[in-house]
Amino acid sequence: MFSVTVRDHVMIAHSFKGEVFGPAQRLHGATYVVDVEFKRRTIDADGIVIDIGRAIDVLRAVLAELNYRNLDEVPEFAGRNTTTEFLAQVIFTRLLAAGRRGDLGPGANAVEQIRVTLHESHVASASYEGNTGAAS
Amino acid sequence: MFSVTVRDHVMIAHSFKGEVFGPAQRLHGATYVVDVEFKRRTIDADGIVIDIGRAIDVLRAVLAELNYRNLDEVPEFAGRNTTTEFLAQVIFTRLLAAGRRGDLGPGANAVEQIRVTLHESHVASASYEGNTGAAS
Amino acid sequence: MFSVTVRDHVMIAHSFKGEVFGPAQRLHGATYVVDVEFKRRTIDADGIVIDIGRAIDVLRAVLAELNYRNLDEVPEFAGRNTTTEFLAQVIFTRLLAAGRRGDLGPGANAVEQIRVTLHESHVASASYEGNTGAAS
Amino acid sequence: MFSVTVRDHVMIAHSFKGEVFGPAQRLHGATYVVDVEFKRRTIDADGIVIDIGRAIDVLRAVLAELNYRNLDEVPEFAGRNTTTEFLAQVIFTRLLAAGRRGDLGPGANAVEQIRVTLHESHVASASYEGNTGAAS
Amino acid sequence: MFSVTVRDHVMIAHSFKGEVFGPAQRLHGATYVVDVEFKRRTIDADGIVIDIGRAIDVLRAVLAELNYRNLDEVPEFAGRNTTTEFLAQVIFTRLLAAGRRGDLGPGANAVEQIRVTLHESHVASASYEGNTGAAS
Amino acid sequence: MFSVTVRDHVMIAHSFKGEVFGPAQRLHGATYVVDVEFKRRTIDADGIVIDIGRAIDVLRAVLAELNYRNLDEVPEFAGRNTTTEFLAQVIFTRLLAAGRRGDLGPGANAVEQIRVTLHESHVASASYEGNTGAAS
């Protein structure tokens, strides 16, 4: 299995509901350093998993929708805790949609799994990995 | 698959038996920077894989049993080389036991795999990953 | 010159006033990974710059005052942009006060400079370094 | 599953053919920081996955064949783009061959997968993971 | 003293002349991960050392002049070894010129020192630090 | 000012005397990831601060004297706590001596300062920086 990973980051505010979160129930924020790994079984005729330039651009665009925002005010997330785990899945879903729209180029059709990891500090991270539905 | 990873460290002394270890047969030591990744298929109603505060506390407690010790004098390890690989499994086993005692909170019941990675320097690490036995 | 550096982190929300900040004028947030370096000319009779256990505890206490907060609502910061640079100096000032209260132990009296660095992402950081006023 | 990972690096020049590469069609170069992870189900009687000293030596030897070279002039790569993905597989294949020659010691026979990751910058990496053919 | 540091990278090919370089006399290449630290004594009325958005853009522009190039063919570098140390100074000089042209905004006038560090691998880096000539 | 930094590591056992050390009074150990920075005002005719190959070899030789040892049994350190700060100075002194013996090549004569940093974990480090006595 081949993979390519690209990194970017996003800075957001939010608060959590639930006693398990302790002081994180207060409005606070985070920098998430985001790694996205695209996996496929073979490389294409150019020798690549995916057009890395497009991957970087699409990741930046997906993060721009969240960047410098208070996630408590984003209608789509109403009633949900925007935990690191949850946001990893949100980014996965939006990357998947971007790939299906063709934004990641033709190579994206052969990508079988995508893994999204959000580093919230030097000691904690969360990730979501899912299948793309590409025939393998 | 979702995952959450937390990091801590431990500083120990030990020696190894066996020619394969060369100068590491002498009494020496190591700092292990320890990453523990908890994996489960879904997140809970709070939006989390596991209570990260508990995960950090349990990891600290597991490492405290080893920290600032000469592992050559720990009865439980008698006759074993306390290699990085071996210690990764020891920590896995102790985290699993802590989870079963409830120390990791109810979310731990849904954790399907745990991966423990010990970084022994900037150029070497070892890991152990195992199933928890949680129904998947 | 000797130095000892310890690391911790803090997660906050805030917004900035001023066109130079662009989208960061909106309420957002950050994780700051904080490095504090204590510098002195000699080590003491124990062979140390400072009691590292106390240094870690004091840094945690200083960061706890900021952690999981919306800095826009902290009266002390009213009318100021809580930029990374500004916060580095705030943390410096509070560490200096803690040292003068004796919280860092006797070794702190010999510390001549303190440098505080806040990493706000994998590509940006800011720092403040100042003299403590210790005779050199 | 146990694993051991070792790190080294290599510095090369090359160019790519294909519009997808944009300015990287020009002759340029890269430092690849290379992580190799050896995975096996059990550790041996010494408590190890593999002789880490041999692993480091073999990795250095494999990278030495590429180091300080213009890959455009390496006959074996003629007609191929020596992308990060492609080079990860090349290194995998050469490590596999070294293991079969016995250069990695007897433990290598039990290694079931090898994962090779090349970090080309602080924001991009590629990897290849494959089975060794060891009975599992 | 306050400082702000931003990071970017550049990928180049080159060769060196001189026996001291050993195999690096051959055409090879490098990824340089570049950190630029801007230092000044005070922060401005906005609370910043420099407009970080402009700093990132200017650094990208300076690196773009070198990126994806064979430095052996750059007329300006004829007869010089484009070592990591040398390139750190080249980037310093170009950032200084950009600041004087106003590309870094008005805050750049108060920057007293700039430090440029090029990481060429996980085990080696070089830097150049110089005064800007700003009144202090 | 120019500088070049190289990295290596060393694994040792030791114990400390003094209540300030708490549990670190017990025999334990550490991995020190060691960064050595050589600083000089100008680069030589080859474009370098120092022969980096020699710097790496000399650092490895200096660390080899300590590596895989119980520092409590090293006669030279009798009666001293081999703290991270102390060891940074020991390594500085030995590098200085190596430079004076010519082991670092002729460029070492122009090196004005050497800074040695020992990272003992992902959250703590210590350093020693001193002048070499080179005319500046």
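So that you can tell them apart, the chains are marked A, B, C, D, E and F in the order they are listed, and the count of residues begins at 1 in each.
Keep in mind that, in the parts below, a contact is a pair of C-beta atoms (placed from the backbone, for glycine too) under 8 Å apart; a residue touches a chain by one contact, two chains touch by 3 or more.
The structure presented is a predicted model; accordingly, all values stated were derived computationally and were not measured.
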item: Chain at maximum distance from chain A, centres defined as averaged CA atoms; value: F
item: Chain of greatest Cα-centre distance to chain C; value: D
item: Homomeric contact chain A-chain D: same or different residue positions, threshold half; value: different
item: Comparison of C-F and B-F by number of C-beta pairs in contact, larger one; value: B-F
item: Length of the line joining the C-alpha centres of chain E and chain F, rounded to whole Å; value: 27
item: Centre distance in Å when chain B and chain C are each reduced to the mean of their C-alpha atoms; value: 31
item: Sites on chain A at which at least two other chains make contact; value: 7, 122-123
item: Touching residues (chain side chain D, partner chain A) in the complex; value: 16, 18, 20-22, 80-86, 88-89, 122-130
item: Residue ranges of chain B in contact with chain A within the complex; value: 1-8, 43, 46-49, 51-53, 56, 105
item: Interfacial residue positions of chain B with respect to chain F in the complex; value: 7, 9, 11-14, 23-24, 26-33, 67-70, 120-123
